[in-house]
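So that you can tell them apart, the chains are marked A, B, C and D in the order they are listed, and the count of residues begins at 1 in each.
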Amino acid sequence: MNSRALRQQPTPAARIVERRPPHPGGPRQRAAALPTSPTVLVKQAPPFRMASRESHPESTIVTAGCVSIGTGELVVMAGPCSIESRQQIRETARRVKAAGADMLRGGAYKPRTSPYDFQGLGRKALGWLAEAGRESGLPVVTEVLSPEDVDLVAEHADMLQVGARNMQNYALLRRLATSTKPVLLKRGPSATIQEWLLAAEYLLSGGNPQVVLCERGIRTFETATRNTLDLAGVALAKQLTHLPVIVDPSHGTGKRALVAPASRAAAAVGADGLLIEVHPCPGRALSDGEQSLDPGEFAELMLTLRPHSVALRA
Amino acid sequence: MNSRALRQQPTPAARIVERRPPHPGGPRQRAAALPTSPTVLVKQAPPFRMASRESHPESTIVTAGCVSIGTGELVVMAGPCSIESRQQIRETARRVKAAGADMLRGGAYKPRTSPYDFQGLGRKALGWLAEAGRESGLPVVTEVLSPEDVDLVAEHADMLQVGARNMQNYALLRRLATSTKPVLLKRGPSATIQEWLLAAEYLLSGGNPQVVLCERGIRTFETATRNTLDLAGVALAKQLTHLPVIVDPSHGTGKRALVAPASRAAAAVGADGLLIEVHPCPGRALSDGEQSLDPGEFAELMLTLRPHSVALRA
Amino acid sequence: MNSRALRQQPTPAARIVERRPPHPGGPRQRAAALPTSPTVLVKQAPPFRMASRESHPESTIVTAGCVSIGTGELVVMAGPCSIESRQQIRETARRVKAAGADMLRGGAYKPRTSPYDFQGLGRKALGWLAEAGRESGLPVVTEVLSPEDVDLVAEHADMLQVGARNMQNYALLRRLATSTKPVLLKRGPSATIQEWLLAAEYLLSGGNPQVVLCERGIRTFETATRNTLDLAGVALAKQLTHLPVIVDPSHGTGKRALVAPASRAAAAVGADGLLIEVHPCPGRALSDGEQSLDPGEFAELMLTLRPHSVALRA
Amino acid sequence: MNSRALRQQPTPAARIVERRPPHPGGPRQRAAALPTSPTVLVKQAPPFRMASRESHPESTIVTAGCVSIGTGELVVMAGPCSIESRQQIRETARRVKAAGADMLRGGAYKPRTSPYDFQGLGRKALGWLAEAGRESGLPVVTEVLSPEDVDLVAEHADMLQVGARNMQNYALLRRLATSTKPVLLKRGPSATIQEWLLAAEYLLSGGNPQVVLCERGIRTFETATRNTLDLAGVALAKQLTHLPVIVDPSHGTGKRALVAPASRAAAAVGADGLLIEVHPCPGRALSDGEQSLDPGEFAELMLTLRPHSVALRA
């Protein structure tokens, strides 16, 4: 048995193999190493019970405002990393809407590695975001950082984002499980696909069936890109769960020139949508400027994108 | 400055090099690539301003109950992963005290990857922990998961632990910055040393100077151990910051047979203390049984430990 | 300059920023941290001198037999991981040719993690491979493991493959630099993009301009896939070098069900070609059966593939 | 079953659990997920048959010149990364011998990431190394890069080193398996402990029983150190194999100020020896200057080292 086999065995996909012979993973080769008694087979079921496609074969469609995610159509969410002014978010909304975006994103509460970095404009920015969404007719998604902010953010947003750093912030997940708003759950930078689906399980088992997963790159030894975008992992997640899976090519690459090719690849791999950072003037952005597109670059990308979309339908 | 930029610039140690020529990092080889104008040198100062040894050369001593951490003496904190019963924590306290432990650890609120795993006994367990600490004369440390629990946990514990998953839970860090109790800050499984020190900076800059750092292993490609214990990183952290740094060999290795050698190595590398999981009957533990020592194994370890201790003194 | 220094300085993309202001990486944000004197700027040039697009702006076209790689057309190389019999490779060649493959792959010398695993049929298999290529009209590519085998393998193959484990086997690279046959250079499982391009530099500076790069997944903490396929890294590599870059979705994912979506994503991200494992009966394969497609699955994939191809042209 | 259990199960240690109940890994918790029929238990035996402690319970002692490695005494090998002149290696030999080193190391053939970096002085340097060893009475160890150099290097050296990049260079391993000289096998930067032991298996099964393993740090996301030194992995390797295991704290950390604490930790974790870079004038070194000690620093380290040594005896 070589180390590849070792490394691969007890993964979500592998653990489903025994029950779906024609599934990738090669039942024959595994047979030897995997248990065979029914009792044990039960133990091999995916631990993300409600999130698994086994438990719920057809794809779930999540609705944010007037937009449906998971239908097979690529849903594009665009906007600035941080909301910096009323004018900035309104102009961005107008521009991304004109280019064909389906939803507006923007950060009011920013989790920052350093306490000395810009932390977002908070409550005030939430109002501007909601207004820009109404004006442009785009539902809005924004991040919520702590349980006590959930109600306030839910008043202004159509979808609540859990950032990568908070994927395993269980106090926050438990609170969001009781919200009536859909949740966008980002994958943690060092979370396995199974841990990501188990974080979704906190939301589903807590009572909120409206969960969209977002791959945004994992942390690896490679530093030429901000993160390593795990696009094959998106294809695997789509096979393991019935929940929609979207991709954030902006954080996933950290470089403006990689956002367009990564977006096309995400569409081609079967993602249900994209979350793209767009800023009217990336060079002046208070955060993530170097990975933000300007409205013109975003419009160009949109023209090349949809032909690649092949989101998996159940 | 965002974390990507940090990762792509010279690292903390490197960034200090220019200012301390005889420091490791090789001024000559770096000279070419590093900026030389005073303005730029300022930008090269460590971003963890209050946590850095540059800003505060002598080592900080943190006091939890009657125990001082950072004096150069190795401080050993021991106890079960989860508090499972009044009897279990009282017996463990008695046994680890007898073996020479300095503090008692035990989990009342457990962050678990799956919503279906044991989540801890909560408030009730906090009382048992405080009682066991009083009876044994050992100060207690336990994890707090969310801002709203801080007051309750602080009533019962001498030190408040931030778990690895919450290292960048800024709502929790901000709340703990206002507590009068010292904080044990675990390194996140994918956090760089610089990000770890910046998380400590949230506590220091928020008003709480009593911070102890805890290395508990990082996530790598190696799956033979639960995590990869970064002991050289502990030596580097001791050079970069004045805060005490301890090591958790239980989570760091995930295997009972590795806890003793990893503990001796942690002492030899200069750690200020150890956080070790001890359970009266590891085979029956509700969590982490396979990495917990039984009281006899712990007592044996204690006999071999102190000769290795060479914690850095300022 | 050693690899540590490389890792700690701005990365390839970053290091080019200063010279191409509108390039991703954000000149403004870097300006502070990057040196500004001409002398230093020279040091910031990419160390992979001959491989860089800076030194050679238009894309290089590599010719293997009658096939050109790097023209903007997607080149598909298909065949078994190991050549197991004359009949197996001949049938595979016929089937993949019928499905539209451009080249035939097959392993005669297999690097295996364990000395007890199947090591390939060697010289005998080389003859069968060459014969199958002639019959089907497909140029062939196969791996060479050591300098002394280069002449023998070059007699039978149209392109010589350097496996991921040998990316930094400099004795082998130096020997291949003197060959008249083109080289397919796989990225090492823990090689940065810069180290990969520097390995190519050994071939180019040694006298062989015919180099094709192949991304085959990097090793990360995620074990649900055999490796993590770095598709954004392919887009970055295409920007940094003029050499063709292809993708191996079979090793990159390790799971049959992920090969098709990963192949479409590779085409969409701008890859110049694909290297796909196809076996007449994957369940009976002596190696890598669980990641091999059968001829029918391969034919289906080919029908969905080309619309996604957007390989970067200079 | 939580993800920790998943990540941990089919690792070398775990796979031995079933057969040694009191071993870490917790038979009870594993029982459910692991197969129980004898047939399957056989499949669970470590694949590194000859290297495993199961097959050969007592520790192997390897002899290089007059030095025995694996006796429980810490063996220190010291010298420059590269041999730069006759005078440099002779002076270094004299100084490290005076400080108590047991063997002399020095590089004549240097594997370098860039073809434009210093590649070593080759054959000429081998002669100087052998001479310096004779004069100082220290057996010498040096790296061999390709099969055709094995005879030449073996004429001059007492032990032949396989560098990290060549750990899976099977042509080289097969050639060394037929040598009468002992081999120092470095762990690859992305090799699991199991892959490392399987590389040793190529040497053992090929006929050379004289193998010493060397941990030199693995590649992770952390860039503050050159590599992440896996010291708990050394303790695990000592439990899994009967072969001696030594540590290279110079490459393992990449920083001069971390070499001493990492060396003490390696001794405390049970390593059989150390491989330390020492240069008469590190600032002038042609390679790895920033991780090399000067002779004075090395002498100081030697005084603090031996008390920590607790190498595992069988």
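Going forward, a contact is a pair of C-beta atoms (placed from the backbone, for glycine too) under 8 Å apart; a residue touches a chain by one contact, two chains touch by 3 or more.
Predicted model only: the values in this text are computed from it and were never measured.
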| item | value |
| --- | --- |
| Proportion of interface numbers common to chain B and chain C (over half same, under half different) | same |
| Furthest chain, CA centroid comparison against chain C | B |
| Between B-D and C-D, the pair with more C-beta contacts | B-D |
| Rounded Å distance, chain B centre to chain C centre (Cα mean) | 43 |
| Approximate Å spacing (C-alpha centroids) for the pair chain C, chain D | 31 |
| Between chain D and chain B, distance of the C-alpha-averaged centres to the nearest whole Å | 30 |
| Residues of chain A touching at least two other chains | 2-3, 6-7, 10-11, 47, 190, 192, 194-195, 198, 219-221, 223 |
| Complex contacts: residues of chain D adjacent to chain A | 1-3, 6-7, 9-11, 32-36, 40, 43-44, 47, 190, 192, 194-195, 198, 219-221, 223 |
| Complex contacts: residues of chain D adjacent to chain B | 2-4, 7-8, 11-13, 23-29, 190, 192-194, 218, 220-225, 228-233, 235-236, 239, 249, 252-253, 255-258, 261-262, 264-270, 282-283, 289-291, 304, 307-308, 310 |
| Residue numbers on chain D that touch chain C, as the complex places them | 6-7, 47-49, 111-117, 145-148, 165-166, 168-172, 188-190, 195, 198, 201-202, 205-206, 219, 223, 226, 254, 287-288 |
